[in-house]
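Structures incoming, each one as structure tokens.
One chain, chain A, links the two complexes that follow: it is found with chain B in the first and with chain C in the second.
Here is the complex of A and B:
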């Protein structure tokens, strides 16, 4: 590196090369899965592979047309993860089951929705206008599974599903996006108040009580989800999302202290009051005792079988299609990480974890690069939501933390999760497009004022010209968020 | 299919996974240079070492503001040392500099550091904030000795 070239480059060709490699991983996995059963290259295989490849290339073409400067590695990463998930789900299907094709259908729907988001939304800053509508939408989506009639009732101990006809859907997955939009919009407007007002107690500054309102609301939402929907995972996800976004917006450690305190208090009370939480914790700590292992409901059979599977896989795994991940209950959704651990081994599992890590860093890179506070917070929140989900799921499967019901993004079987995560990818790509794209650096003409009607709400109109140096400040101070 | 082929495919697939990851990391390499945007055009330390001619172009060191001085108004003569945290100006009790000025709003303006300079931003005050007699419409950097007027109070940054 002798010269630094600051001009933005689209790098879509790099994306195409990586995308071909990612498709090779996904399709290769699908081929290997069947290689032992002599059904590797049947018509089903060609049909599935060509659909996945066509959808991925269509996505690539849309990016060329609509978001030329979007991050070139996000799409290949997601396609590789999704392809791996499809192969594993297909592999785990018993005779007569059709989860694999169902997952493929949902993948195509999710990619189409994600493409539509990129095509019609054009600019993520428009979403800021829907700050409070997003809050209402989140509340609506979270209440839906509790409404009699459309509620699918209690499935596996949680009330998070709704049903249309024969289909079921988890509205909570979409709620994490609308909540992220609300938090980003709210915090980017009210950051100053939260940041400046407050009392100092010792070395840390505590915010005023009325600025704590949304924080308490977020806490109540997550506790409500825990009580009424009996869904520990989503409750952790929503609260963690808010905590991280407010920390990023204000860079105040006091919020983290308050938040962790609230989580600890809520978790302690929940473990005492709710039997399902207590069972989860018992199944985590005492997983290997006979009594807990053999318990009919809420026992540790699932975790322990998953651990045995991963132990069987060892360093290099048994090979795709060669292990017996079917022995684990929910091997294709909750425990898909254990299935991969068994068949691809530690080396393959680390590759998957690294893909998530790379995806997460690209989300944060988009947040660092974009120039509006709303986009920064949204990208941070969305990529953190993916990361937290991975932590909760993989941590649960490997018995680092109690196992809770969250889905592994892009891998696990489940349409709502795929749809929500692909929409997140669409939004991240759009934010990275504004982050990496060329900046309009023409200074304001003397006397010219930006027209507030024409300017999008968050845009610091045109980048503020800094007098004295004549340099255009790309980190427009009014909107900058400390990251 | 023979045992050997299957084993070869098994390891081949693991290899493919890591090839994908390393290709992605390689594609990101250009992006991993932190602060590239800020350093755009400016030579890096390494480039300067290799080519000393570049160093001469480096900007002269600006004097850093160290304190805020009230030069006019009821609080004339008050000084506040500038740390790394933002300063809230206004009549509200939680303000860093509590102005006893009937023409100032509760939370009038905010003075905050960004990079190596301090910026003043009006927080929606009734009477406005003036930087060198220009009313603020957005956050602007405050240079040393430039008066900032809030109601009847005038403040300045000093080294």
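Here is the complex of A and C:
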């Protein structure tokens, strides 16, 4: 992961080949599901398959036009995951249910939005302008579900939904992105200050109290989400996101220690004070006791049924359409990993988890490759968020950690999550485009102005301080980046 | 900064290593344990649409898998559902399985160890998996007669066995239900039916046991047979012993008095022989025996007759153990418990087992419901033989109690159970529930000199007159039906 290819190559043809493979996986899975239900290769199937393929190809073409140096593996990975999710959700639909087609509609919408982000944003560094707007947007999005009239009320114990007419949406999913943009913008601007000031206690340098501001803010957001929205999963995700970004910005392990200490203290108090947290923990530790298993609300039936399903799948699985994943509550959303475990077995699930691993690794790679601190922070934050979200979900389903209500990216049924994750993919693709693209290192001719088309907006507070940097060098760096 | 990014990546990889470990544990290492969990319906449902073996009574299947549509090749169907529901149980896609469908699942599904070679054959020949059929010892005519003898809307159970072999000839209870309603493949109807049936008092579909093996009831005066056996085996009493028979017993320090039954002839004497006390079912003689022998002696005798034991393994049907209190009782409680009230509870099957042991010279046979398990090609996989379970009392004491039970029918309060030309032994019981309602019992056997059949009837929650008409006279009908075969 260290060296950057000296001669940038677009690799778009590689992407096309991988994309065909990815479509084959998703559409093939959908066909297998249909075979079991005696309706393989009907008009519905061809219609759905062509839509998915057309959308994927459109995305590919947009990348050729707008971000031709983007990482060629990211899009195929995501299309494969999304296709598998569509097939499984379709398979889990009972008579009269149509979650599968709804998910397909959301997939198309999400891909369109992601394409639009790439097309109109052109460069991720522009987002840095929106640092504080992002903060405001995050706060707005997080407060929305609590506003009477828009709020969809308490669904399954959490207040994270808003409604428009009959449609519901989880604004917290989008807040994940806006928070990442804020953290990246704030930290890339202020990291010097945070780094240099502070008191050294033993080997650890502690930051000044006033530099702790953003940390306290992030902690408050996490705890606020936990208390007011009763959403343990998102709370962990937001805090993890911030922690990793501040660590990357400062390279100081002391921040991680302080952060983990804060969240541990908050979590401990929460588990004592809030019944929903205590129930989650009880349902995790005592999952196999009669009392907890039979509890009507907050019991362990869901997780235990999921474990039974996965055990039933064993090493090779029952085969798509051959298991009984519907015995598990929320088989197509929170517990979709258990559904895959049952029908595709450990082997299939390993393949899926490996796809996630590759996906976030590619994201980290883009973070390493890009030359601006903002891009590095944003790519790291978003990639880590995907990894953390997978860990929290799959860890919860396998009873490694308490089960929380996070969605499995790209697989689980749910429009908000799809939309947010496809936007993340769009951002990662853009960052990887700058990371892998050519750098114009010829010095500016005397008196030549940087090409406003190419040079990125410079934060007013941070004028370019390093003379002689290439003219195309993005975002006059806040530090001499060590590659 | 890049080093920190690499470290963050390493942290993410570490999380994924944990995920890989957890997945491997759940799906491979710990999978067997999860599959064996009692809550896990999947193992049973795996074979839901397979050709499951039939449950056969008198050559006719009462539960069988019939060819259905393509999505589920076989549908479980119950013929004569109500009389057999307590024995077959149900096989439901959403609600799991109960009864023999559960306890004999391995055989019925074809997954028992003995059927291993058949499974291998099916695998290679590509045949549909087919389970073994289970033949029961039940007599279809007696089963139907017994079921019809309990009026609809009345709670009650009847158990008919052969005391010499332990074979169950009939075992019914009401209210019953139609298992087809919850074996349907329509999940909506299945759920609605399940909820509806569970509302009926006396039906609990979540439980795996039915009335005859599961209802724990106060046995009332039929428990006096155990007092009698305990008295005779203690050596302190013999067949001619004269027992105190006061009209009522009082206990120091408490208000409560234990009266004799007011309706009979007990009040005519202050002392009684065993024969008289049993014939008239007087309470005070047996209470005084219990107080004389002590709680341990009664509890010990009850255990020898099967109290505290789970017959489930022998019967292949889940059953609740009956109990006589083991924690120390005061005199008043012991006196009441010794006449089958207060703290003592027994299932209809337990009372039948006790009766059968007396009929069989003191030797209690294993209760047995399974006549044979046959592979699809009719080869017997297992044919349980009659086996003695335990010695409940000596042959002499058994013979003596037998004789007294005959006199209860000939000269006492079970006279309605008499069958012309046959010596019938019997004992009635009336356990008071308060509000004037009782559990009304009859238990007995015939012919007394060569017992072929033991009958136990209990009707729950009835007044004395109704109870009397639904117990002894019905026992007579069952004795006649069995003996005239």
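What we mean here is this: the second predicted complex is superposed on the first by the 440 of 483 C-alpha atoms of A that agree within 3 Å, B and C clash if a C-alpha of one lies under 4 Å from a C-alpha of the other, contacts with A are read in each partner's own complex, and residues count from 1 in each chain.
Note that contacts are C-beta pairs under 8 Å (C-beta built on N, C-alpha and C of every residue); 3 or more make two chains touch, one makes a residue touch a chain.
For clarity, every value in this text was computed on a predicted model and none was experimentally measured.
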| item | value |
| --- | --- |
| First (chain B), second (chain C), both or neither touched by A:72 | first |
| First, second, both or neither for A:345, with chain B first and chain C second | both |
| Partner chain in contact with A:391 - chain B first, chain C second, else both or neither | second |
| Contacts of A:399 with chain B and chain C, given as first, second, both or neither | second |
| Contacts of A:251 with chain B and chain C, given as first, second, both or neither | second |
| Chain B versus chain C as contact partner of A:28, first or second or both or neither | first |
| Shared contact residues on chain A - chain B and chain C | 1, 345 |
| Chain A-touching residues of chain C, taken from the complex the two chains share | 1-9, 11-13, 15-16, 18-20, 22-28, 30-32, 34-35, 37, 39-43, 45-46, 70-71, 187 |
| Touch list for chain A against partner chain C, complex | 1, 38, 94, 244, 247-251, 288, 293, 304, 307-315, 324, 327, 341, 345-346, 349-350, 353, 356-357, 360-361, 364, 367-368, 373, 376, 380, 383-384, 387-388, 390-391, 394-395, 398-400, 479, 481-483 |
| Chain A residues within the chain B interface of the complex | 1-2, 4, 6, 11, 14, 17-18, 21-22, 24-25, 28-29, 32, 35-36, 72-73, 76-77, 80, 192-193, 195-199, 208, 316-317, 319-320, 322, 344-345, 347-348, 351, 354-355, 358, 362, 365, 369, 449, 460, 464, 466-468, 474-478, 480 |
| Residue ranges of chain B in contact with chain A within the complex | 1, 6-7, 9-11, 13-14, 16-21, 23-25, 27-28, 31, 33, 36-37, 39-41, 44, 47, 86, 88, 92, 94, 107, 110, 112, 114-115, 119, 121, 123, 137-141, 143 |
